[in-house]
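Below you'll find a set of structures to go through.
First subunit A sits with subunit B, and in the next complex the same chain sits with subunit C.
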Partner chain A sequence: MQNMVQRIRASVAGITMVIPAILVASAFLIYPIFYTIRLSFAKSESFAANGFVGLTNYERLFHDPAVLKMSWPPDGALINTFKWLLLGVPGCLIVGMIVALVADRRRFQSVIRAAFFLPMVLSGTVLGTIFTFVYSPNAKVGLLNAIFGTQISWLGNVNLVNYAVITAWAWAATGLSVIIIAAALKGIPEEINEAARLDGANSKQLFWHITLPSIKMPLVFLITTQLVQVLKVFDVVYVMTQGGPAGKSNTLALMFFQETFSSLNPQYGAAIVVFMSAIIVAVYLLARRLGREK
Partner chain B sequence: MKRKLVAVGMVLSILLIGIGTADAASKKSGSVTIVGPWRDAEATVFQKVLTAFTKKTGIKVTYSGVADPNILISTRLAAGSPPDMAIIPNAKGLPEFVKSQAVKPLDFMAKDLKSNFAASWNKLYTYSGKTYGFATRADIREMLWYNPTSVPNPPKTWAEFAALCDKTSKPACTSGMAKDAWPLDALWTTVYLSTNGAQKYADLYAGKIPFDDPSVLKAMGRFTQFYGDKWAAGGTQGALGGGLMDGLGRVFGDSPDALFAGAGSWGGATVLDSVNKTLVPFKTIDYLLFPGDKPNSNAVVATGDVAVVLKSNANSQALAKYLASAEGEKIFTENGYTVANKTVSTAGMTGFISKTAKILSKATVASAVYSTEFQNKWIEVLGQIALDPTNAQSILKGFAPTAASLLKQ
Partner chain C sequence: MAISSATKPRILKIPSIFFPGFIGVSVIAWSLPWIGLVVTAFRPFSQAASSGWWTVLTTRTFTLQNFATALKANGLWRAALNSFIITVPTVILVLLVSALAAYALTWTRMPGKKVLYAVFAGLLVVPPEITLVPTLKVFRALGLSDSFPGIWLSHVSAALAFGIFLLGNFFSQVPRDLVESARIDGTGEFGLLRRVVLPLSGSALASLATFDFLWVWNDLIRSLVIISDPTKQPLTAVVANMSGTYGANITVQAAGAVLLLIPPLIVFMLAQKAFIRGVLTGAVK
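Moving on to the complex of A and B:
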């Protein structure tokens, strides 16, 4: 009996301590999530979630050519968002891996890591502004065109604009990959590598059979974090292109912003963000599952 | 003795409070919050207007200048705490705000609006018989800025402009700055007006002319030439990928490679402030209205930064009346900006302000207020057509029903 009373007391004490956190999470996370979902089914033309229109906003979403245009090649914000996913994350990972491996256990490794980490401190707005000038089609202004002696409009060319914006984002985001992978590499005991070398393993074999498996968990963390970041990227795209030219660099996150705050269609914007969140959750769970598989 | 001192002190206090109250009663107290698009130099000028208002009335004004006031207004409306007033650039989003009853009708200042603004200006911001805003500052939406030393004989008609552009390749004829999207619409409205006239312009944006009308196609031909590979510095992609300062720099920078840049009447101040301070107005920087088929067509697309009231109370009404008055608006003109207020005298104005004010006062002013949703979709279509001018007709045909439904809202 006394044990039960003590356990109840301990439970009550624990619950009392987490109540403030629960309240904050409810107010700023749980309630807004449910409100947004409710808004996506609402009828009213303001931010109030009044009325009910069923799946009208979602039907509009799946028929909106700005979201997905079934042409060849397919086009739309959804396709652009997947371009970010397929290019941005592997790009950061591969470059980050190369830099971390090259710098590992070498002189000036901290300088190299710092050089790659510094761009991360830039906000998306500053990053976008800098690269707007870097990509300027005027060779007297644009760094890239000045270096190559060209007059390429990186942000005005529909075939280049997405890659240009993704590159700008990846330039800043690679720092996180470098730091995490470098830290993970430090955790691999040197004796394992030495033993493998004594057994005749070359660098390639060391990398695939020892290094990579040893840093698997940090890699999974890195991939899932960057997947989520990439899927909701907004500020860089907004500053650099505003989704142009002609909507060719539009992403779901930017579409959500434009529909909600520019076109004042918060119900449709809510549907877009719910759809986007569903993609993020699905991709995150898939990445975690693949990361757990042997 | 002590009691006497306390009694004297109390009497003195009562007297002082009475004097203070009497003094305060001669002016209103309280405050007004207002958000707007003006920052940096523009905000400094607006602050002068607000300071003069506070000095006159005693009402304090808190101004917040943001890049996109509509976003701030929308989010604060959603939070239930809108500002008292707002300045909406180019009336963007006004139809939506009226529809959602976020903005209040200006019935309390109907007489001031009628006496201070032309009927055409008031009509722009009137819905169902009630006026919801007035233009504080007004601009000509788009003109062609050029350097008179590079273009000593500026073209007076479209034919002359086209001939000049066809002749020149280095420097290029036009400098696009469409990366930020809105310049596409600014140029389009001006091209359509200069090509087809004010009546058709009004009919188009009232939904009476479809967006695949021959008049639209004709104007679109000129629009795509302006951004075309032959005329635009850097080609179409250069025009679509260049920003505002890029575009102005191509004409007025140290090594110009284009003859004309399309920008509003604010263009001169921007160039002189941020691109090339050595230029001399009318000698090395000037502007011409977009040429039509006949010379001196004298029709301009004007835009206004519209003041609206979101919380109608004594203080916000007082500020609204002041901003619409000649006294308040004169401060704008004294600091280099043009206004739509017809009671503000143009005498004493100099430079580009004088030229623009005279044009605004004499020209047939065309303007249109449409929903942001329409504008966003239309800008995307303009970009598609600029990239693929040969398919302009089919793109416009596909867009026409959407335009019709959005313009009717």
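Moving on to the complex of A and C:
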């Protein structure tokens, strides 16, 4: 009897405890997610989710030159996303790996980590401001132009702007690579490295056959996290270029924002953000599957 | 077994003599971008427009005028206040709501645990951007439009799944005997949370708090979408919009950005360990 009462009391307490979370999640996560999806199928009339136009907005997405223009060279927000994925993520990874390897088990390791990690706590707004200055076309203001003695408008040049913005993001994001890889390296037992050395392994073999496999899980986590960050990047681009010049540095998240609030096409904007979210969810699911195969 | 640095097997070898120099150079080179910003914020506009910030190594004129201008003329003092008003209560609410839910899902015997667990696991992978626009509709329905409580709840929702899993993982490591014996003593669930589980979870709570503080303080897109009242905009939004109008006055803009980076910097210096631990929880087992 006592036990039963206790158990019911415990269950009730448990339910009471979850209620705030359930309420917040329902109102601000679950309902909005479904509403946005519904909105992407709606007729274009203000912010209401009225009417049903089927996949029109999604078709528009794939035919929109701002998203994907199959010219040579190809253009559009999706292509920019590919540039981010192919340059930003590996860039951070490689630099982070080098820094972590060099600093591994050395003096001043914390100084090195701190220096690379600090940019990570800066907001995208600060990041954008910092690099707007670095990239200033005026050689008296812009660090880059001063170093190279040039007058290049890094953010105004349609061929350079994407690389400039990606580099700005990567400068900050490398910090994540450094701490995750550094922590992972610390977890490799000294004995394994020694044994391999005694067996005659050189640095290259040691790296590829011992180090890398040992840090596989943290690496998967790191790459997944940065992939997702890149897919939804907004702040830096908003501050540095607003997607310009002429939409050359557009990203999906920025397009979602502009279509919804500047062009006043919330239905189209909804389709864009749903599309972006679908890619992100797919990335996570893929990562989980990769994580399960050991 | 102690091994001297000289014999430790290394993957990337840099001779020890060169090492400090190498460190110094790479650290400074990597830090140049933000050093440039900070220096520019303290320079008078006339100088900043005509000479690079690196020249301050030789000519030294510093001023606080840019900060004064930014705070007063640009209303950054209000924006900074807004940032605090938005961030601090949000972090407190996140800790509260996540701890309650995480405890309930880990240690209580409530019905529907598995379903809830799955729901939050799913929410973990959905990017918050997809929830932004309808939030305005929810605000209107609840009478929370452009109100700070509404803004808090919106930010809390973003951190909920993460917070629940971070704390849940930690809570589940509390020794079962501790919990059970307290139960036998008659402690109720709330008491258990408050007196047994929470005191043992200091580091997890610190990590979550640090993480979320930075997350909310640095947020831009959510603030741009859900806040229409310009007097309630946080520092990020105001500084971000400065790049358009204040293209000319880079020193005031720099001052604004410096103001924006000070709290994260302080948090970083004080809570580096807590923050890194929070980041690593998902990464390195």
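Methods note: the second predicted complex is superposed on the first by the 258 of 294 C-alpha atoms of A that agree within 3 Å, B and C clash if a C-alpha of one lies under 4 Å from a C-alpha of the other, contacts with A are read in each partner's own complex, and residues count from 1 in each chain.
We adopt the following convention: a contact is a pair of C-beta atoms (placed from the backbone, for glycine too) under 8 Å apart; a residue touches a chain by one contact, two chains touch by 3 or more.
What you are looking at is a predicted structure, and each value in this text was computed from that prediction instead of being measured.
Colleague: Clash or fit: subunit B against subunit C, after overlaying the two structures on subunit A?
Modeller: clash
Colleague: Would you sort A:T132 into first (subunit B), second (subunit C), both or neither based on which partner it touches?
Modeller: both
Colleague: Going by the contact rule set out at the top, does A:G244 touch subunit B (first), subunit C (second), both, or neither?
Modeller: first
Colleague: Going by the contact rule set out at the top, does A:L264 touch subunit B (first), subunit C (second), both, or neither?
Modeller: first
Colleague: Could you let me know whether more residues of subunit A are touched by subunit B or by subunit C?
Modeller: Of subunit B and subunit C, the partner in contact with more residues of subunit A is C.
Colleague: Does the superposition put A:K140 against subunit B (first), subunit C (second), both, or neither?
Modeller: So A:K140 meets both subunit B and subunit C here.
Colleague: Let me test your reading of the model: by the given contact rule, A:Y31 touches which partner, first (subunit B), second (subunit C), both or neither?
Modeller: second
Colleague: Thinking of the overlay built on chain A, is A:F47 touched by subunit B (first), by subunit C (second), by both, or by neither?
Modeller: both
Colleague: Quick check on the superposed pair: does A:F62 touch subunit B, subunit C, both, or neither? Answer first, second, both or neither.
Modeller: A:F62: touches no partner chain.
Colleague: Looking at the overlay, what does A:A115 touch: subunit B (first), subunit C (second), both, or neither?
Modeller: In the superposed model, A:A115 contacts subunit C only, not subunit B.
Colleague: Please identify the positions on subunit A that touch both subunit B and subunit C, taking each partner from its own complex.
Modeller: Common to the two interfaces on subunit A: residues 47, 132, 136, 140-141, 242, 260-261, 266.
Colleague: If you look only at subunit B, which of its residues touch subunit A in the complex?
Modeller: 68, 70-71, 74-75, 77-78, 93, 96-97, 99-100, 102, 178-181, 233-243, 246, 249-250, 253-255, 257, 371-373, 376, 380-381, 383-384, 386-387
Colleague: Residue numbers of subunit A touching subunit B in their complex, please.
Modeller: Going through subunit A, the ones touching subunit B are 45-47, 66, 132, 135-138, 140-141, 151-158, 161, 241-247, 258, 260-266.
Colleague: Quick one: in the complex, what on subunit C touches subunit A?
Modeller: 3, 5, 8-14, 19-20, 22-23, 26-27, 30-34, 36-37, 40, 48-54, 96-98, 100-101, 103-105, 108-111, 113, 116, 119-120, 123, 125-127, 129-138, 142, 153-154, 156-157, 160-161, 164, 183, 188-190, 193, 214, 217-221, 224-225, 236, 239-240, 243-244, 250, 253-254, 256-257, 260-261, 264-265, 267-268, 272, 275-276, 279-280, 282-285
Colleague: Where on subunit A does subunit C make contact in their complex?
Modeller: 6-7, 9-11, 13-15, 17-18, 20-22, 24-25, 27-33, 35-36, 39, 47, 98-99, 101-102, 104-108, 111-112, 114-119, 121-126, 128-134, 136, 139-141, 143, 146, 171, 176, 179-180, 183-184, 187, 190, 193-194, 196-197, 203, 206-207, 211, 217-218, 221-222, 225, 228, 231-232, 234-235, 238-240, 242, 253, 256-257, 260-261, 266, 269-270, 273-274, 276-277, 280-281, 284-285
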